[in-house]
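In the two complexes below, subunit A is the common chain; its partner is subunit B in one and subunit C in the other.
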Partner chain A sequence: MTRYTKWTALREAAFWIPAIAVILPIFFLISLSLKTPARAAVSGVAPQVPPTFDNYTQAWHEAGAGSVTFAQALGNSVLTSIVVVLALVAIGAPAGYAIARRRSRLSSVMFGLFALGLILPVQLATIPLFSFMVRAGLAGTRPGLILAYVAFFMPLTVFLYTGFFQSLPREYEEAAQVDGASSLRVFAQIVLPLVRPVTGTVAILAGLFVWKDFYTPLVFVGGTSKETLPVAIYGFVGKYATDWNLIFASIVIALAPILLVYVFMQRYIIKGFVSTVRG
Partner chain B sequence: MSTLSHSAARLRLGAARRAHGVSEVPWLFAAPALAIYAGLLLIPTAIGAFYAFTAWDGITAPQWLGLANFQEILSDGDGRDALVHTLLLAAGYVLTVNAIGLALALGLNTALKTRGLLRALYFFPAVVSPLAVAYIWKYVLDPSGPLNEGLRSIGLGGLAEPWLGQTSTALPAVLVVMVWQFAGWHTVIYLAGLQGIQRELYEAAAVDGAGAWRRFRDITRPLLMPAFTISLVLSLVVSLTTFDQVIALTNGGPAGATTTMGTYVYEQAFVNGRFGYSAAVALMLMVVVAVAVTVPLALLRSRQGQP
Partner chain C sequence: MASIAVRQIVKEYTPGVCAVDSVDLDIEDGEFVVLVGPSGCGKTTLLRLLAGLERPTSGSILLGERDVTNLAPRDRDIAMVFQNYALYPQMTVAANIGYGLKVRGLPKQEVEARVNDVAKLLGLEGYLSRRPSTLSGGQRQRVAMGRAIAREPQVYLMDEPLSNLDAKLRVSMRAELERLHQRLGVTTVYVTHDQVEAMTLGTRAAVLRDGVLQQVGTPQELYRSPANVFVAGFMGSPAMNFAVGTFDGGELSFAGFRLPIPEACRPAVRDGEQVLVGVRPEDLLDPRFAPADAAQFSVPVAVHDDVGHETLLYFPVPSCAGEAEQVRRLVFEQEQTEPRLGQDGSRVFCARVAGAPAPLTGGELSVALLPESLAFFDLAGGERLTTARVLVS
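Now for the complex of A and B:
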């Protein structure tokens, strides 16, 4: 449609300005994380040659004002994300399937009920939920944190699965059921493999959410050995205040897995984040 | 004859369906999801709404207060400040992030060679923990941080400010950090909307002599409405519930200049142990979110209904 002209080149350059604004703080982050404390205090943002990895070693082994080292927090984040995603798929997909396949009034009521949760701020629920977790002995435990996440993320999961199942023809399932397969087998062996795109979206959105989230683990496991990365960073800042070289090393540890995944999967991740746009 | 055998086959299929329950997926499939969602989110929300009218320390029995908590929020300086900061932050954020997102999306939706790379770079901050982003910016905005040093080095030292340390710039600084992180998210939302618009529409309009502005107004604007709606709702929900960025950048300071309803709810419940009062703030936040999301959506819908 359009040719690449001098004006296009100029416009292209202009659109690199916001990109540089994105890159610069990330550059500061990495540059400072590779400096000795003495150099970090005086040398501005220019990288230190040769770099030091001492900050990473210290952050990896040492706990901040919270009670976890970054090695532990990384493990907690990985474990919590994986279990939350598995639980959401195992529990949310069949729910979306039932809501999409039943064509009754009850089905639209159920859909509306889950859709309501899409904009429900969790702050109000957190207060009684916390008190319930304390009484149930789940406060400060990983199962408690996972349960809270699964509940908070269930509306979006059910919403996405229901939408996809509604657009999925019934023929395969019906053929299989006529052959005598049970509902559960049809669902697990025929339906679930067909909705892999939604499962991918749920895994990306929920996995990233758990990885990034600060509020939920602060409330439910703050101060325990089950803290995830953001709470560990918070505790680290609490202890080391403005030792940016050390704090930034801890942030890079939390960021590195995401960066790695992002480099290879950014198209899918971005698609996941806009998947709600097209319904 | 053929009709007869056809309907006989249908009958047999129908019998098979009934026998195996083909058309009915058991509601049991939805039971675990409903139990977790209702038990751990919906019912706690309802219970929280009840606590909002009580004085409750989280341990002993709650005392009924009627509307006293809400009166306190609106008359007490801290509560009212949190409400005002939240509304200011949300207004600034929603306007800025949608304007930048739309502008960048319109730019990316053209024949730029590095389009894919730019999109990936713009979006990247959205996948980083907001708390981590805020700490990076706390360093950047430090009185002797890179921003002020940069200004001094190009002779603009007069513009250097203790951005997070004075009441006049602290809340705008929180806003900037949030916009930096999420503008790319809104860019990709608008971009997805733009890419769903058929190119032929623009070509036909251009043939008919419609200028760039008319093409935007009559084609892009109406067809971008779904993306705009999503973007608006997301930006409202994100900014009205701001928590991480404030905790990391200012912890509500200086002198309470950056407290939001999100941080106030947390502080009142989990620092001060005023669970009833905190629930009242959270209920108010929920109502603010509900109104903020519903009113513009209703307005959009009624305007779209007009010719």
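Now for the complex of A and C:
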């Protein structure tokens, strides 16, 4: 049994200090979202008892400075996140599989290109991409925004899938081929279920990124009815310059779905980096 | 069920480097043939060519009357058991066994019925709802076998399926494999590096080295009439003893022995010409039980291993300059050293006697040798040299 010494106490204190630094802003966020403006002006620290949920109701129903209601922005965020994740998996998984399994110069070149996409900052592509979107009639549209996200996140997706497929023993696929499965069936029924951890990782990382991203929707759909939550909340900042209660309430509403999904998907993130396959 | 014909099969992964080099092999319908050889000899590559998992560089493969050379694995009607079993981890045992049937469109009830029959045959009834990760090695091996059996293919291909099992389990699974083959009678090609498995399992065995087929025959043919020095050295454990010998008149000198060789047992070599002489450990006899006309010699025993039912005796033998290198070049793989070398680099022979040997006298023991138990090989290429006795037999 470990003795509790002064060094143990010092170590605990060392862990608590950064923990408090992380928890404190969240405490203030929730605390202020549950206060009336009057109480918030009096004290920013002590929670209001009883708390009030009027800020949430008001934030939900009030339109921001932009072109969307909060509910519309929430719907845009959900839809964009889901479609982007599905598109990434639908395109990235077969791409990673092809690169991992086809040993050719083309595969190496393709992988190199995707790796380059990891290194180059997305912001470099903003102006030419926006110009292209305008010419293609996609600027300000949801498909345009989704395409932009898929393009930005595809390098990491392919990188993750390729690495995982390369580590997968070929015998599973060969056994399935001998059993009579076609290439498509081998991929869908044998290989894809084995890379669930990577799919989970891609889903959570891409979903999180899209959900909280401010820059891309601001550039490509800002000022339209396709705005996502971060841009919509920014619109509230303009309208309620000092009414932080509504802003914080809207942030808490925006956090809630992603936290729920993360709670259920987090084990796949860990598995995606350290999992092995047994069988 | 079907016969297999392999015609001049070549597989090159890189130009000029043959993994399988012009192999011709005929396997009869219902036969159990073992492909055996050291690591890297091409046996697994040949098996994968039969399965369609590799495309040959040239040559053809016939399954029955069908040319399957360019057919995909799914179109060849074969089933394969992999070395690491390759069970689908995300499926239950029942789903694993039934996957090939489901893929081929069999009705659900029939799939279920066949899975249950196979499970009963292999003692897997209690494991059908479990996943492979919860099974032991032996159980996984049986599930892999079950997956192959359920398909009812024309040919079974097995790639060292017992190599991941412990020694005791390997022996029992070997017996089970034999029983299954006798019961099902399906043409089977079995790959192993274990020459004991090759001797016990197959009706015939094919020995490969560096992609080249050395000899095909029954286990006894390979053991008693090896075609060359590699087959002679590979088959049998402990391995055959080799030494460079010279004929002088009617006598042969090798490894410190000198004994008369009748004409019937002598190969067509001139006096003074060197040959490679091979003698199996069990042919170095205990004089108490040897025929009266056997030549007897006294040898200094360095090590004796009593394994219960027999004793292995290791004794150093004199060798001439370069002899060890000559033997190593002909018998062993390029990167191998001769396993039986004394600490001072001297060559060591092994004798195998039943039970306990006669007591040592001054560290020396008598062994007896019959000339007809000797095998002779050409020093240049390693081919077996025929004698009148070999021609007759």
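In this text, the second predicted complex is superposed on the first by the 249 of 279 C-alpha atoms of A that agree within 3 Å, B and C clash if a C-alpha of one lies under 4 Å from a C-alpha of the other, contacts with A are read in each partner's own complex, and residues count from 1 in each chain.
In this text, a residue touches a chain if its C-beta (ideal position, glycine included) is under 8 Å from a C-beta of that chain, and two chains touch if they have at least 3 such contacts.
What you are looking at is a predicted structure, and each value in this text was computed from that prediction instead of being measured.
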item: Contacts of A:V109 with subunit B and subunit C, given as first, second, both or neither; value: neither
item: Touching partner for A:Q177 - first (subunit B), second (subunit C), both, neither; value: both
item: Contacts of A:L260 with subunit B and subunit C, given as first, second, both or neither; value: neither
item: Which of subunit B and subunit C A:R185 touches, first, second, both or neither; value: second
item: Which superposed partner A:P169 touches (first subunit B, second subunit C, both, neither); value: second
item: Subunit B versus subunit C as contact partner of A:L10, first or second or both or neither; value: neither
item: Subunit B versus subunit C as contact partner of A:P193, first or second or both or neither; value: second
item: Subunit B versus subunit C as contact partner of A:G92, first or second or both or neither; value: first
item: Contact breadth on subunit A, by residue count: subunit C or subunit B; value: B
item: Common interface positions of subunit A, toward subunit B and toward subunit C; value: 174, 177-178, 180, 277-279
item: Contact set on subunit C toward subunit A in their complex; value: 51-53, 72-74, 78-80, 82, 84-90, 99-100, 103-104, 131-133, 147, 151
item: Contact set on subunit A toward subunit B in their complex; value: 1-4, 8, 11-12, 14-16, 18-19, 21-23, 25-26, 28-29, 32, 44-45, 91-92, 94-95, 97-99, 101-102, 106, 110, 113-114, 117, 119-132, 134, 147-148, 150-152, 154-155, 157-158, 173-174, 177-178, 180, 183, 187, 208, 211-215, 218-219, 229-230, 233-234, 237, 242, 244, 247-248, 251, 254-255, 258, 262, 266, 269-270, 273-274, 276-279
item: Touching residues on subunit A, where the partner in the complex is subunit C; value: 169, 171-172, 174-182, 185, 190, 193-194, 277-279
item: Touching residues (chain side subunit B, partner subunit A) in the complex; value: 13, 16-17, 20-27, 29-30, 32-34, 36-42, 44-45, 47-49, 51-52, 58, 100, 104, 107-108, 110-114, 117-133, 135-137, 139-140, 142, 146, 149, 180, 183-185, 188-189, 191-193, 196, 199, 203, 226-227, 230, 233, 237, 240-241, 243-244, 247-248, 261-262, 265-266, 269-270, 275, 278-279, 282-283, 285-286, 289-290, 293
